[in-house]
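One chain, subunit A, appears in both complexes that follow, with subunit B as partner in the first and subunit C in the second.
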Partner chain A sequence: MIPLWLIPLFPLVGTIVLAIIALSSSDSKQGPAESITGAVAVLFPILSFLSVVTLSVGMPVEGIRGTIGTWIDTAAIQVNIGFLFDGLSRVMLLFITGIGSLIAIYSVGYMHKDRSFARFFAYINLFLFSMTILVLGDSLLLTFLGWEGVGLCSYLLIGFWHTDLKNTKAGNKAFIVNRVGDVGFLLGMLCLVSIGGSALLSYDALNAWLLNALSLGSISNAMPLLSLAGLLFFFGCTGKSAQIPLLTWLPDAMAGPTPVSALIHAATMVTSGVYLLARLSNLFVLIPAVLNIVLFVGLLTAFWAAIAGLFQNDIKKVLAYSTISQLGYMFMAAGVAAFDVSIFHVFTHAFFKAALFLGAGAVIHSLTGEQDMRRMGGLLKKMPLTSLVMIFGFLAIIGFPGFAGFWSKDLILERLYVSGPMGPYVYAIALLTAVITAVYMGRLIIMTFFGKYRGSKENEAHIHEAPASMLIPMLLLSVGSAFAGFLWAGLIPGAEFFREMLAPVVGAAQSYAMLGHTAAHLSPWIFAALGTLAAIIGMLIAWYLFMRPVPEAKGGSEPQGFGASWTFAFDKLHEYVGIIPTKVVAWLLDVVVNTIIMKAQWLTGGIIEILGDGIRAFQVRKVRLQAALSFIGMALITILVLIYGGLL
Partner chain B sequence: MIDTLLFNFIWILPLLTTAICIPIGVRHSEAIKRIHLGSAVIVLGIALYLTIKTFFQGALPSGNSFSLSFITQFSWWNAIGAEYFMGADALSLLMILLTAIIVFTGMLVSWSIAGNTKIFFALIQILGTSIYGVFMSFDLFLFFIFYEMEALCMYLMIGGFGSGNKDYGGKKLTLTLALGSSMVLAALLGIYVESGIHSWNLLKLGEVVLPMSLQMWAFPLLFMGFAVSGSLFPFHFWSPDGHSAAPTAVSMLAAGVMMKMGPYACLRVALYLMPEAARIYLPYIVYLLIFNVVFSGFIAIRHKDLKYITAYSSISHLGLIFLGMAAMTPLALRGAVLQMLSHGFLTGLFFATIGMIYSRTHTRDITQMGGLMRKIPFIGVGFVIAGFACLGLPGFSGFIAEATIFIGSFQNDSSLMRVVTILAILSITVTAIYVLQTANRMLHGQITQPAFESLQDANVKEKITIIILVLSLLSIGLFPNGFSEWIDSSISPIYTHLMR
Partner chain C sequence: MELQASYIQIVALALFTIGLAVTLTRRNVFFVLMGIELALNAVNLSLIGFAKTLPAAASVAGQILPLFTIAVAAAEACVGLAMIILIFKSQESVDIDNYSNMKG
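Right after this comes the complex of A and B.
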């Protein structure tokens, strides 16, 4: 059995090697050889993936644990730091390292001839290191370490092309908004600490404590703090996973290179909130009120982002809003305690969203940086393979029967109806959102690949299919978007593979949440049929609405009018709730408090000066008197001290 | 025996080097600088050797009293009972090591300072001596002499080699620190007289339970007097003006080490000698902290001068040290010590990179700068690393220290402490705002001035400085555990006293 720490070690070594390459070549004009750098950049993620696969094969049901050190070690408290490789982290790691490797290969082609080639891959490897730590950590502290690490990489990669202030400002926004969420995470940890000491930060200890308290009946005392902790952790998740109210950073994060959007802002990092909820499933099922909040926040986000996605002209922004919307579905599933289903959707989403983003990247690459869909069109014939990949991703995301998204979304909708509060209503809105998803994704496909080419002449001349290093990962991912769903469907030998894999981690929590529920008896076929119908209706609407000449693009790609009010609603909210109050408080403190202190300082200075003048009046040029006075003074003080001290 | 001798050399050697350099003419300034650097390297080597050696010997059992190594003790001034009493425990050694690193790197970055380099380097050495002395002496009389020496050196260096409004900044710094010292002196005299043992020996005084009537007036004087150099509100105002006027090395030493002398002395002397009063007064000091931790972060958002931003950020971080003290749990106290070390390296790196940038661009106004990352990537990366360490990114020492303080102070179940802890945690967002905003304006975007096109990246000395400081930040951040346990051997006597 290979040790667990190999999984994060490989990308870490990759980071260090690439950082040295990047730093040592910062003076030279053309930078290090791309072939060597690229090979290093791809090798370490693949090695990490291979170690995950090796470990996955022989994993016992209860998982593998390995301690790597102690965090806090006093007589009273001991917190160990270690790795936990169980069903949940196995699923996450498989696609994180797997898709991570594919995207690293793709990036070698995409970042070709970039000035900071090595720096880019150093960041990508650092990201994979942090993400594996996030998922492997056996305590909230280690997860938080990875949580912050991925945030850092996200910041660095959004602002990767740092000579454009627009990019770096988007990076700042992402980091600061995430920081607001991190406060929730930290406070959540402190709530747990105040309930049962620092030991509760470890997942195993927390689960054991919850089980024990539940069986003893002492849990009700801790209930208020537990609910608060759950709410705070969820607040942290809304930051990382771009849910209401902290979702504004993700559309702006599209300023980064497209492979980054695919890897970090679609497939892996943004799903870590869903991972955290699943990891803490035993806590969350005890606090149904918080789970209901999760459900409704997810529902609202999914619906809102789908509407906002309708109005985007930038191809990456459409995909960004669709990511937010899909993440909303995942949180909805978690909100009805269907944690395995939500992780399943994370898994399938990783494939089809990565495929969509990489496809969009290939389009942008061949149009030399054009991202406005109004200047695309008719690319189907010129880039057939890319179109195929995108269409596969499209069919998966709208839930077309047989494709990956069909299975996972169908399961979510079914669980919403069966086991959620206000099931039918929530189900109806979620189904409506599925229709809108098909509409805006259909719009994307139609505007990009169908109709007539509407872009500039220079760009048209060299539209080309992507190079092999980009195409192969895209094609593999499109295969994933087609077939990843069958892992649950039971059509592959070892039926219900996915559910069984997650059962040891979330099974107990889910069956606890189902206690007392009477499952509605509805045939799963009805849900499948309704889901399919939604997808088809959405496609038809898109066809009817958008298969017509597109008005010529004027100005920036930002939406106008009604679309803008949806798109920027939360930006406005942040401005009024966050930015303006911060500025006011800063002004108050800086101007008012500092002025008062300055005044006090002048006052003291003035008094001292006046006193000094007074004394000076009888001291001027009377050196002997001065000496005598100071001698007498000193003698007096000494005598006083000695008397007071009882020495005389 | 040899070790004890070496230990005493830590504070003697800088003075000796200064004396040796007196006869050398100013025109041999390169030679003088080399001699001083050489002595700083030797001191650093000694400090490193002694620290590592003591560390691997394992923590000495420490119960009620500090367990010291390298003790040198003889009577020095019988009439008042003052002794030459030097020694070190984990806390002292770590602070000495921090000082040695900052002195060494401070010399590296002042290599091409304008003005009389002979005097400047001599003053750095004397400043170093005084700071080493504070961390080494366990006799309060000696301690106070060293404590006073430092403010004087600071004044001369700011007045002679500073920039901008140096006269104002230097006077403000020195006078405020002198105010603190006079408060300290009054309290120390009171302790000396009231203890009735005719001694300034900290360990002996620690065995005496001082009468409450004394503690009630002496503790606030002593604590606030020391806290002046830790820039506790409302005595924080010297720090932004002082730092901005000071030359780079002085800023590094002032913010990196000298500002830690205050909290160090609060822990070592005030809390240790007068724990009963500490238990009464510390909850009130928590109110002052709110300004430090939360408010100064907001103020930093508004400033455009790099040194003002860093100074307010320092005030905010020093507030966390006092928060750890006020929480009075073992974990929080340990966090306070970790934060002293962490912030020392962090702010050293901050001021070092700011100095490097200033010496190139001749401005510290971030609105004047832009696109510097292209031209000076090494320094830029150094600044960004300092920024991320400052906002508490895991992996760097800041996170370890802050997390320890937060968890530790949350263990104190008074609701006031918990509210302030929550406020402090909320303030990490504010830190992120000013750090990222500053880095963005300064380093990213297009180059704003034609003069910036020809900037040179860091030279070898500057690279060494940045690398040493970054490695120090990382070493605490990645391997906190060994340090932490060791620190506990110094903390536990203080904690035992607090609980008596």
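Right after this comes the complex of A and C.
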């Protein structure tokens, strides 16, 4: 059995090697040779993937645990660097390293002839290192290390082309908004520590403690703090996973290179919030009020982002809003304590969203950077394979029967319906969101691949299919988005492989949450039929609305009018809630407080100066005489103290 | 024969007196500084001498303390020398009796 620490070690070594390559070639104009750099960049993620596969094959049901040392050892906090490889982290790691490797291969083609080739891959490897630490860590603190690491890599990669001010601003925004969420994560950990000491930061110990407290009945004492901890952790998740209210950074994050959007801002990093909820499932099922908040926030986010997706003209922005919307679905599932289903949607979403992003990347690449869909169109004939990949991803995301998204979304909708008295209403909104999803995704496909080409002449001349290094990962991912769903096909009896894999981790929590529920017995075929109907209606609406000449593009790709006010509603909210108060406080500190302090300083200085002028008069002319006098004075004091024994 | 604690005090007193005398009698500012340093080290020596009379555990603490004093004294000597160099630049004299124009 190979040790667990190999999984994060490989990307870390890759980061170091690539960083050395990037730094040593920083003086040359050409940059390092792309063949060697690319080979290194792809090799280490693949090695990591292979070790995950090797470990997955022989994994016992209860998982593998390994501690490599002590991290923090103080009186207040003891934390080990330990790894936990169980059903949940296995699934996450398989697709993180797998899709990470595919996207690394794709990037070799995409980043061709970029001067910062080596730097890019150093960041990608660092990201994979952080993400594997996040998923593999056996304590919240180690997960937090990875959580911060992926945030840093996200920032570095969004602002990768840092000569453009817009990109660096987007990077800053992502980083700052994420920090707001991270405060929630930190305070949540603090809550747990104040309940039961630093031991509770370890997942195993937390689960054991919760079980023990539940059986002793002493849990109600800790309930307020536990609820607060759950709420704060969820707040952390809204930052990382772009949910209301902290979602504004994700659309802006599209400023990064497209493979980054595919890997970080669609497939892996943004799903770490869902992972955290599933990892803490035993905590969350004890606090149903917080789960209701999760459900409500997920529902609102999914619906809002789906509408916002309708207004976007930038192809990557559409995909960004659809990511937010799909993340909303995952949180909805977690909100009704269907953690296995939410992780299943994470899994299928990783495939089809990565395929969609990589397809969009290929389109952008061949149009030399054009991202406005109003200047695309008719690419079906010119880029047939890319279109195929995109259409597979499209069918998966709208939930067309048989494709990956169909199975996972169907399960989410079903669990929503049977979740309780509010279930049918939530289900109705979620189904409506599914229709809207089909509409805006249909709009994307129609505007990009159908109709007539509307872009510039010079771009049209060299529209071409992507090179093989980009095409092969895309095609593999499109196969995944077609078939990944069969790992848990609700309609086929026995096809529950995925549920069985996750059952040891989240099964107990879910059966606890379902305690006392009488699940409404409806045939799963009804849900499947309604889901299919939603997809088809959405497609027809898209066909009817958008299969017509597109008005000529004027100005930027940002939405106008109502679309703008809907899209930027939360930016406005942040403006009023966060930015303006901060600016007011900053102004107060700068002008008012600073002036007062400066005046106080001048006053003190002035007084000292006046006093000094007076005291100067006492100086004796001779320095040595003065020293002798002070010595005599000292001696006198000593003698007096000796005589009177300090009673003077 | 064991080293008596009082002998150390006598040496320390002698050193301190020498240091003080140098400080008060010499006119060259560098000698004055040397004298001060000598007196300071005499005090350190005295501290160690007294520490020797204590039981072992407390004795160690007393013997370590001068190490810190020496470290601080080194920093202080740096500052002192730097100041003297600056004064020398402005006064062009190493005679300490000339440094008396702070008074008005």
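The criterion applied here is as follows: the second predicted complex is superposed on the first by the 596 of 648 C-alpha atoms of A that agree within 3 Å, B and C clash if a C-alpha of one lies under 4 Å from a C-alpha of the other, contacts with A are read in each partner's own complex, and residues count from 1 in each chain.
Heads up, the rule we're going with is that contacts are C-beta pairs under 8 Å (C-beta built on N, C-alpha and C of every residue); 3 or more make two chains touch, one makes a residue touch a chain.
Remember, it's a predicted structure, so these values are computed and weren't measured experimentally.
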{"item": "Which of subunit B and subunit C A:M598 touches, first, second, both or neither", "value": "first"}
{"item": "Subunit C versus subunit B, contacts on subunit A by residue", "value": "B"}
{"item": "Partner chain in contact with A:N172 - subunit B first, subunit C second, else both or neither", "value": "first"}
{"item": "Doubly contacted subunit A residues - partners subunit C and subunit B", "value": "none"}
{"item": "Contact footprint of subunit A on subunit C as seen in their complex", "value": "20, 23-25, 27, 32, 96-97, 99-100, 102-104"}
{"item": "Touching residues on subunit A, where the partner in the complex is subunit B", "value": "23, 26-27, 69-74, 76-77, 141, 144-145, 148-149, 152, 155, 159, 162-165, 168-169, 171-172, 175-176, 179-180, 182-183, 186-187, 190, 193-194, 198, 582-583, 585-587, 589-590, 593-594, 597-598, 600-601, 641, 644-646"}
{"item": "Residue numbers on subunit B that touch subunit A, as the complex places them", "value": "172, 189, 192-194, 196, 234, 237, 291, 295, 298-299, 301-303, 330-331, 371, 373-374, 377-378, 388, 391, 393-395, 399, 403-404, 406-407, 410-411, 413, 418, 421-422, 425-426, 428-430, 432-433, 436-437, 440, 443-446, 457, 480-481, 484-485, 488"}
{"item": "Residues of subunit A touching subunit C in the complex", "value": "616-617, 619, 621-624, 627-628, 631"}
